[in-house]
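Quick one: structure below, then a few questions.
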Amino acid sequence: MRLLLLNPNMSQEMTARMEAVARAAAWPGVEISALTATRGFPYISSRAEAQIAGGVVLEMIADHVGQTDAVIIAAFGDPGLHAARELFDLPVVGLAEASLLTASMVGERFGVVTFTARMRAWYADAVRDAGLSGRFAGVRCPQSEPGGPVHAVADEHAELIRELCVQAAQEDGADAVILGGAPLTGLARRLDPASPVTLIDPVVAAVGLAEALARAAPQGARSGRFARPPAKSSAGLHPPLADWIARRG
Amino acid sequence: MRLLLLNPNMSQEMTARMEAVARAAAWPGVEISALTATRGFPYISSRAEAQIAGGVVLEMIADHVGQTDAVIIAAFGDPGLHAARELFDLPVVGLAEASLLTASMVGERFGVVTFTARMRAWYADAVRDAGLSGRFAGVRCPQSEPGGPVHAVADEHAELIRELCVQAAQEDGADAVILGGAPLTGLARRLDPASPVTLIDPVVAAVGLAEALARAAPQGARSGRFARPPAKSSAGLHPPLADWIARRG
Amino acid sequence: MRLLLLNPNMSQEMTARMEAVARAAAWPGVEISALTATRGFPYISSRAEAQIAGGVVLEMIADHVGQTDAVIIAAFGDPGLHAARELFDLPVVGLAEASLLTASMVGERFGVVTFTARMRAWYADAVRDAGLSGRFAGVRCPQSEPGGPVHAVADEHAELIRELCVQAAQEDGADAVILGGAPLTGLARRLDPASPVTLIDPVVAAVGLAEALARAAPQGARSGRFARPPAKSSAGLHPPLADWIARRG
Amino acid sequence: MRLLLLNPNMSQEMTARMEAVARAAAWPGVEISALTATRGFPYISSRAEAQIAGGVVLEMIADHVGQTDAVIIAAFGDPGLHAARELFDLPVVGLAEASLLTASMVGERFGVVTFTARMRAWYADAVRDAGLSGRFAGVRCPQSEPGGPVHAVADEHAELIRELCVQAAQEDGADAVILGGAPLTGLARRLDPASPVTLIDPVVAAVGLAEALARAAPQGARSGRFARPPAKSSAGLHPPLADWIARRG
Amino acid sequence: MRLLLLNPNMSQEMTARMEAVARAAAWPGVEISALTATRGFPYISSRAEAQIAGGVVLEMIADHVGQTDAVIIAAFGDPGLHAARELFDLPVVGLAEASLLTASMVGERFGVVTFTARMRAWYADAVRDAGLSGRFAGVRCPQSEPGGPVHAVADEHAELIRELCVQAAQEDGADAVILGGAPLTGLARRLDPASPVTLIDPVVAAVGLAEALARAAPQGARSGRFARPPAKSSAGLHPPLADWIARRG
Amino acid sequence: MRLLLLNPNMSQEMTARMEAVARAAAWPGVEISALTATRGFPYISSRAEAQIAGGVVLEMIADHVGQTDAVIIAAFGDPGLHAARELFDLPVVGLAEASLLTASMVGERFGVVTFTARMRAWYADAVRDAGLSGRFAGVRCPQSEPGGPVHAVADEHAELIRELCVQAAQEDGADAVILGGAPLTGLARRLDPASPVTLIDPVVAAVGLAEALARAAPQGARSGRFARPPAKSSAGLHPPLADWIARRG
């Protein structure tokens, strides 16, 4: 089985971090290819940026269609997830949705801990899109932005994150906590032994669900609200995406 | 007051039709500028297309920022609506949301009638994004696609549309019916005298709410979940949009 | 266009204050007539009082039917709103509902700030009746009743109100705040430049939506759950209302 | 224990029918006093009429305050129920709410069968006010209005009603069916032995819950959203109601 | 009328306490039989324990079928309630559901006060099963477990419980408060005169609703989702329960 | 990795069928042990039976604790799922929940097709327990019970099942359809190539999610609402279960 881990943020460091966690989590024999966006933003943190990044995700999948058995959109917030499911004939999984579905098997309510307040609205949208708002205990983040580069936040602020997880459990009523945001991947495994609350790593969750979905529904979403739209012409789009939409070549 | 009516579909005929209805509905003294997308699709009809068109909407607003008091996103489905509200410092109104809010003042439940089944999922998303799914009586459309060009559907299939409105009222329990989709604009006024159910024209609704919002909240959405994101660099974006996001110039 | 601003509270001072704000907000050429209840309570502040005041609203509209293009029920809480829509053949708008719909275009969640805790339950009912409870961030009010006459509260306690708006944003998660209660009208405009959160003035919102609705649905609600009931006899009612209900004269 | 059964419809026949059912259902020793409105409508069937009748209910209770241990508002739709709970210091029960709560102990979903389509919107409001919309299977009524006087509908159209109950169960998924509307009282007992679905008589349900509530909460609703409003002056109200509200005498 | 009060906890003290309260609350002439479980747990306080206790409840009812007119499952949390309704041909009432339905007639939102945090999840499940989560203000309990035997908690910690009730009202927004958990029965009556918020005793509520239900629906739940399953063989079950399920004897 | 597939129905044929599908779906190297209940019912089909079977599930897990990395409760309806998660320190997956979570990645709405109407209420409970009722398109089943033994229904009635799947998509609006009920396992794979709608096999979904969960949360649910209850004595329970609950041995 081949999985395409597609990072819509233009950050090689984040991609490398997520790729390492994905490889460690995947079953033996699963091939993981990791890609970094070459268009868009260094790090998506608003819904306006996610609107644009969702289009970039479609371009990236169009570039690699036929070369993978499933796609992981590797930004918490899942830009372009529903659009990708509608457009392409293979399973597509997002970090946020995969984490939420996994968390829902170990808790009735789950929270998200992240390192910046900027993502609150975007993450809440992801929960709503997954249909799980009724079980959402909210987002916990530091009161002020932690210093240092974004890709190093897991290394430099692990203790702060751990405390936020405890607060999510004790004050927000979360039964399980998701460490949201690509830069935090890998931290759940390190913190979990000492944590009083179950922690979910989005990359581990996404790899597990991508592997599961590739067996349970190998063609991906394909009917009803996710039926593939008819061929359509377009103007000004990334050529491989335009070709795919027009069903050319 | 200046209103920018921005058609994300690449169809001059639709723009002209909506512009005429908007001018007739606007208060004397309100200037309406109508724009047609030059990138994207002839007619958006899926959520994948809306993902891309939402980015095009942001580009179009960035091209005209400072030249208008409010923006109307003139495609039922409101591509890019929340992103535009987050990014720009002026009121932004969408055809779907404006129709739903208007309908909610003349009915407890409202339906949408349109001319093709393709838009169902996209329209349902718009209702959910407006927070009004609990009052939604569903989408009614013809069992088979009507013939002829899309922009002429209101002229050639008026009777079919009228019958669907009656079905929406009698079978779906709609107290009011929205004629969804840019090509149907203008039809509500023609059908309404003979209609047993209140009909809402999205362009009329959007003009009214844009005028109202420009007085009640002239700076647009600006706080909480809609606080403008900090300046950010990007790569590969439409230059005026990249400049706006980076707060350059 | 003629708008009837109908104050169900028996307070000339409040009516005068609302009339001034309404005139300033209305488009040139819109005539505003303001009326004060002559029966009922000096200031409605409970649901029992609203039950009675809703009947008074119907009497006031029956007295002026045929003399206006739309009615604004000028008490936050909207007494008699649904009954009036069912009974009369013209658009009817309420301060609460109009504010909520307007706020929903500049925020996903909105709070209400008012000057007394007495109105909490009544305002929450209004939010529910507008179908928007899922987006409601609650009511904020002073911990103790502010002194002085009710109609002067906006002048004497502006700073207190401003602080409550900030709390509604920061503690309750409101993206926009409505200044609820007729006595606060006019205050949003004064406070807004210094406010970190969007403020909505109910009278400005209601004038805007009444103007919009009078164009989009000039006959008002008229079908489905709002179909006008058949003629009916009655006993002991205000004669013009009894006549209207009986379809006499 | 004394129960006041208060019919807000000006129909002695209906009052007599309900009084007989109430007496048969009540525990030995419970005194039932039945009252008929002398102001309002012969038969309430719209929400506008219920707005007015709700005020009449308050007047009727004010006339008899101190003479009863609990009040039953004997019109399905419960006009004035929340207002009465707020204003008076004793348990108040409504036919609709009492039926819904009773039905919720014998089914997860319940429907309402009545004899005219006119009451649909009003009954749905009552379900929503009881907080039980999520379990509501809707209203079933004849396709055309049955002939004959309203108070005789149970006698003349029993078979039609029985068929509607079966439809509510089989087509709407109701586990239990409430025979809504004062004129149908007494019919459940007659139809039940032959009915495949549990039938609930609103008067029987209301008597049972009034007796239960008078023991479990003899002071009625009295705190939180139902705290009694402070004394207030008024103009133009039924004098005993004005006195009660002003806490005079 | 005969009522069977069935305590699924293996505690004679609790049974005695509940029986006394039930007798005081019941109408003259109603016979109350109280039973204590002989299998299961001393005091159920988790959902795993409730899963098992629900089966014990079915065994206890099977042992006494035909000897009572209605059953009260006398553990707050209502183990086996829906299963019992499905299986037996008589009204079945649970302490939690009965309290919630009663509270909903004196408040829009209600809280539960209990003496240990252990029951939170289980009680929340009971609220959800009653379909009333939207009106639930949550569970309040002491920050640390109170000392002394469980059955004496009402006597030894009355003041602590009273303070929690006030907090439920003032901080959680409860209009009425239920004293949850069998050991607290009897306390509401003692605390109520001094309480600013309406207090509900689950045993009083359950007796009232059992009496009401036995008149309004004497056969119990019997149709739709509660239709009795067809006869079925089984292995390893309590023989009277196996016989009942197999419709033997 | 070792997975325990635990069939709470006393049917060796069903266990064998599910075991074969599970082995085919599992990753190489995953050991599957399949167990059949020796107490309870031949085939669970009501909520009363599920109440009892949920206790049997706990007994079966207690018998094998320490011998597996995760448990699959192999009856659609998931008897005892929440109780097992609370009680045991390992991941527990249910056929219904696993199917629903998997379906939610390929559709917004999903239906369940099964072979008998008896399971409707139980399956709807499972959807509610998974928190996904808002996306549920309902249960489709044959109008009359199909003949032949239950374990052979997939072989003898495949065409009927296929037609029901199409109806679920076209009439109920399901984007994906779950073939519910242990006897249908294996059928999705056979029908899928010809199906216009995505089909989900519960056993395949459960194996995939068990494998994923065993990596993402190897300790299972363990905090918040799923914290393991303190040690407790009991009477009359299956001894290994009593020992586990008492934390003996």
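The first chain written gets the first letter, and so on, giving A, B, C, D, E and F; residue counts start at 1 in each chain.
In this text, a contact is a pair of C-beta atoms (placed from the backbone, for glycine too) under 8 Å apart; a residue touches a chain by one contact, two chains touch by 3 or more.
Because the structure is predicted, anything quoted here is derived from the model rather than measured.
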Partner chains that chain A and chain E have in common
F
Rounded to the nearest whole Å, what is the centre-to-centre distance of chain B and chain F, using the mean of the C-alpha atoms as each centre?
44
Per the C-alpha centroid definition, the whole-Å distance linking chain B and chain C comes out as 27
Which chain D residues reach two or more other chains?
108, 121, 224-226
Which word fits the touch map of the chains here: line, ring, star, complete or other?
ring
Could you list the chains in ring order, beginning with chain C and heading to chain D next?
C, D, E, F, A, B
Within the complex, chain C is touched by chain D residues 10, 38-42, 45-52, 54-55, 58, 80, 82-84, 86-87, 118, 120-121, 124, 128, 224-226, 229-230, 232-237, 245
Residue numbers of chain B touching chain C in their complex, please.
25, 27-29, 85, 91, 93, 97, 101-102, 104-109, 130-132, 134-135, 169, 173-176, 196-198, 200-201, 204-205, 207-209, 211-213, 215-217, 219-226
